[in-house]
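This is the structure I have questions about; it appears just below.
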Amino acid sequence: MRLGMVGLGRMGANLVRRLMRDGHRCVVYDLDTEAVKELEKEGATAASSLHDLVDKLEPPRNLWLMLPAGVVQPTLDQLAALLAPDDTVVDGGNSYYRDDITRAGRLASSGIHYVDCGTSGGVWGLERGYCLMIGGEEEPVARLDPVFRSIAPGLGDAAPTPGRTRTDGTSPEGYLHCGPSGAGHFVKMVHNGVEYGMMAAIAEGLGIIKHADAGLRSRAVDAETAPLREPEAYRYEIDVAEVAEVWRRGSVVGSWLVDLVADALARSPELEAYTGRVSDSGEGRWTVLAAVDESVPAPVISNALIQRYESRGLGQFTDKVLSAMRGEFGGHAEKAG
Amino acid sequence: MRLGMVGLGRMGANLVRRLMRDGHRCVVYDLDTEAVKELEKEGATAASSLHDLVDKLEPPRNLWLMLPAGVVQPTLDQLAALLAPDDTVVDGGNSYYRDDITRAGRLASSGIHYVDCGTSGGVWGLERGYCLMIGGEEEPVARLDPVFRSIAPGLGDAAPTPGRTRTDGTSPEGYLHCGPSGAGHFVKMVHNGVEYGMMAAIAEGLGIIKHADAGLRSRAVDAETAPLREPEAYRYEIDVAEVAEVWRRGSVVGSWLVDLVADALARSPELEAYTGRVSDSGEGRWTVLAAVDESVPAPVISNALIQRYESRGLGQFTDKVLSAMRGEFGGHAEKAG
Amino acid sequence: MRLGMVGLGRMGANLVRRLMRDGHRCVVYDLDTEAVKELEKEGATAASSLHDLVDKLEPPRNLWLMLPAGVVQPTLDQLAALLAPDDTVVDGGNSYYRDDITRAGRLASSGIHYVDCGTSGGVWGLERGYCLMIGGEEEPVARLDPVFRSIAPGLGDAAPTPGRTRTDGTSPEGYLHCGPSGAGHFVKMVHNGVEYGMMAAIAEGLGIIKHADAGLRSRAVDAETAPLREPEAYRYEIDVAEVAEVWRRGSVVGSWLVDLVADALARSPELEAYTGRVSDSGEGRWTVLAAVDESVPAPVISNALIQRYESRGLGQFTDKVLSAMRGEFGGHAEKAG
Amino acid sequence: MRLGMVGLGRMGANLVRRLMRDGHRCVVYDLDTEAVKELEKEGATAASSLHDLVDKLEPPRNLWLMLPAGVVQPTLDQLAALLAPDDTVVDGGNSYYRDDITRAGRLASSGIHYVDCGTSGGVWGLERGYCLMIGGEEEPVARLDPVFRSIAPGLGDAAPTPGRTRTDGTSPEGYLHCGPSGAGHFVKMVHNGVEYGMMAAIAEGLGIIKHADAGLRSRAVDAETAPLREPEAYRYEIDVAEVAEVWRRGSVVGSWLVDLVADALARSPELEAYTGRVSDSGEGRWTVLAAVDESVPAPVISNALIQRYESRGLGQFTDKVLSAMRGEFGGHAEKAG
């Protein structure tokens, strides 16, 4: 089918490529005219403006936005004036699901459909396909089924789930209509929260293995340093990169994230290119807020978020207060780094 | 090659089957004579006692123990009297790595080699192969290479790690000699700690999605119950089983654990067969002890362990103290369940 | 000075008593006419309605609301129609500070001042005084200074802070103007978050001491139960009530909360009256939301909140998913309680 | 009574002073002869060696060791040869309770009594008295009662616990015989764990208040930085030092630790003298190990320990792994500090 793509960054461009491979015709637009030209060469129809893009689609139109979260609202504001009733806009980026509810309501008053779609797959999605978590009304979601199907991974090599007896539903092909407006981004948000926790588990485990040599190193002997009681139990120098590699096959922790860690460590066992300041870009903290609101305990996801804050030194004032208290009651001086 | 297997529970029996498929000859022993007979039918040589098993192997002998942790030491004590210098015993179970160090030292005084081998793969290992993490001296580990190779998954369908340039090493085939005595069980212990964290991340995420309907349910209105400020943001009834299924393909959280959760939820979306009392069987807590000793922060693995304790109601006295304090300072009565 | 008190529950009534002791004249109102009569007997002026209460005060009026959070807004809506420019309303309850900002803005448009005041002290405040954390405009807060001073504890027995050299400010007397609208309830909210963390630390510590007898009890011996490796290190039967009592004097953890725990345990060492379902009433979760928004790591306060959720069994679905995963990969059955 | 004090650091010297004030006669020894002379001037009997100290006491002798944890064992080894049956040695330092069990057993074989005594009070103990948690046999503990009583704070200004009806026991005077060997240091260890949690709660709360100005500061706008959705809710510049001061009186969080924080912040509101690298000196981590062994959830104490590890940058490798994973799947570059 015909689709307009707004936003041709890495993900948007690759979505267009997957769609064209499957025979869909794409009209593409980006502020960066080079990105537009590049895809035009590959077979897409170039648009020179949002107005032009809308013109080059026939009603009822289908548009997909693949934009940084901060640019979605102004783009929707422009589109609202250009689109006609029964047109559909998909937001495929990482918007907060609460914004979806508001946006869908506003566009509905003009008869325009709004679909939120969480898109997972990162830089590898062109090849592997993207896992899609979709929210919105039944009808426009159904209408866009061929688009979702082309973007999603499909059954692929993965074995069918043995216990799954129902034969309807698209989830085995890697895309799912999760519920009304916001449900897609809600599930994607939590997906990213899960990702934080899984990443942290793997990273902590490798960290513990890395430091299995603690008994070989000397520790300061003073009242400010807890001694290692049994240094003989920590005398291993283990090749962390090889551990990640061996975990890729047959183990319970086998996962795409372990595959990626194995790759990163194979390239650079000490990860010298990194300082360890771990960003967070919204979904993790939103997941924690949701857990708190729902009164659901989520210790692992919450602490994975906190760990990222700690990695960026954001607890420094708190830590200074701790050191100051120790100084007050025990006369403990802080140890130099 | 020829191998003696002691312990024919699910894992031991399946190891024997994988070995025989690859042409190894196995002498098998278990207190449960039915288990011995069953494998005899499949081609193994039955032994009627440890003594008999040792007799039926030729020096230098290779034995593999696949026993509950509590039975390993008495079995080793018996074997020490039966074995000869240069024989090798592999402990393939879940022993604590600190015990390995002691055991290897004792057996070494009789010239017997001791190899510790962490074995991951669970009930699926017969088909998928087992990921092996091995500790001990170079020579006996090298000697047993054909055995490890047959038990391990091999390269299989998994793509090679793109960044891996070295061509030596067995890790891509799913087994790794990690270091001296105890190193295998150390890495397996941490592997299970990682497993705790990954499992918790997935389970919490699905819990948050399950409770995305919080705004549809009524909450008590009283001073003891925090109100849900924005119920309109929690009005989703999402099919958790389908979410697990869709995450299996193309997503960043794709993993064997997600495959298994999808299967469990496909069979029973409400998991009625479970009460939610989550056991822990040692490795998780040992991982936390190691992190504490090494002075390495491991918030996610630590809190995953704590979550399991909480699930079994082990914090009840602590919680009573909390309720008692609230009663004292605020006159708060506890709310009934 | 003259003050109208709306809401004569335990805290409101005791505030009136402290104010009258210091010579302030109070007009009091509550839906519960018995509560009004009781305070009338003690010297207050009774009001039969909000309208009557407003009539009995002279402009510029000062009112104090001591109401459940859910009743504040409707009461303010009524009062808005009854009050005159330059009148002041203090909300002394546990409102969310974000509501204060909205409410102050609305009332300001009618020239009415709104002051938010977090009030700590619980059932003991009549005797000890209440710690007050105040937000709002300078002028009305200054005007109400005599009221705040009477309610607050004053210098009392507590020694002056040695390092404090400034001689201005009211904080040593137990009340503080923290900033503009919402600042009082913001600081009170965080105060309660701190309270959660301190309570949890004390309760966990006493729980660990309570269970120092773990080595005297038999533990199941099976693959689902981690063994206690060194039972000889856990053979203490320690009187937890006496420990709380001894910590009251001279120790670093000495605190009002330890005083209260000692009292509760003196009355009932096993706390049989409690089941351990610990409520949370808003401030703790709001504190966690603020920490997440501010990007500040708050692991202890966050985990204290999560612990309360766990105590109420709110993680049950999550825990079921964990048990189901263990069943899938390891064939582990759940252990009965 | 007569007591020999070995170790005249800040705490040992102050113990001697409190004892002499109450009429006890002290023989004192330290490697630092200046410390010995100083106390001799104040009335103590100087000893020039352990041998001399033992000579200057009459059997049955009472000795108190106030030494760094690492020096206790060699000192005990020397004393074992010098002491006679029925002599008693008190270890008043921060030894690990498991060492007490071993040490008491060894000395018992020579008829020497060993008493472990956890001593809390820090640099303020001379004035306030020290909270004592005691382990060992009944008889020698009873014999030393006058010593414990003089060191402990006594009833002091603190009100009696209202619910306490029993009139026996020494806990209201600030010292307690907790149980057999090791019980004193066990309770002291947990006391310090509680201290970690309480300190963290207070420090985190003040950190959240400090950062209540987050909405006034500009945040980077890019895909790596989560935006602050409601900056208008974080526009407070609150005087953290004054908040600590106001919490000292009448509030639920009132405690000696809040007193100390108020003092530290009064001296230096930004705590410039500290970098925020928070040491831990053993008891906190031992408390976590005990909780893990006992299968008791202790999320707050555990996370307070982890927070200290984070403050010292000990999670850097873990954090690098996290950044590397983000780089692999999302092409995310790390942000510069």
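Going in written order, the chains are labelled A, B, C and D, and every chain counts its residues from 1.
What we mean here is this: a contact is a pair of C-beta atoms (placed from the backbone, for glycine too) under 8 Å apart; a residue touches a chain by one contact, two chains touch by 3 or more.
Please read these numbers as outputs of a predicted model, since none were measured by experiment.
Chain B and chain D touch with mostly matching residues; of the residue numbers seen at this interface, over half occur in both copies.
Each chain's centre was taken as the mean of its CA atoms, and the one lying most distant from chain A is D. Interface comparison, A-D versus A-C: the higher count of C-beta contacts falls to A-D.
The centroid of the Cα atoms in chain A and the matching centroid in chain D are 44 Å apart. Centroids of chain A and chain C (each the mean of its C-alpha atoms) stand 38 Å apart.
Residues of chain C in contact with two or more other chains: 122, 200, 202, 204, 207, 211, 226, 229, 252, 256-257, 263-264, 285, 293, 295-299, 303, 306-307, 310, 315, 318, 329. Of all residues in chain A, only 10, 68-70, 96, 122-124, 199-200, 202-204, 206-207, 210-211, 221, 223-227, 229, 256-257, 260-261, 263-265, 268, 271, 273-282, 285, 299, 303, 307-308, 310-313, 315-332, 334-337 touch chain D in the complex they form.
Residue ranges of chain D in contact with chain C, taken from their complex: 97-98, 101, 120-122, 125, 128-133, 152-159, 161-166, 169-176, 178-180, 182-183, 186-187, 190-198, 200-202, 204-205, 207-209, 211-212, 214, 226, 228-230, 232-239, 242-243, 245-259, 262-264, 266-267, 287, 290-291, 293-301, 303-304, 306-307, 310.
Touching chain D in their complex are the following residues of chain B: 252, 285, 288-289, 292-293, 295-299, 302-303, 305-306, 309-310, 312, 314-315, 318, 329.
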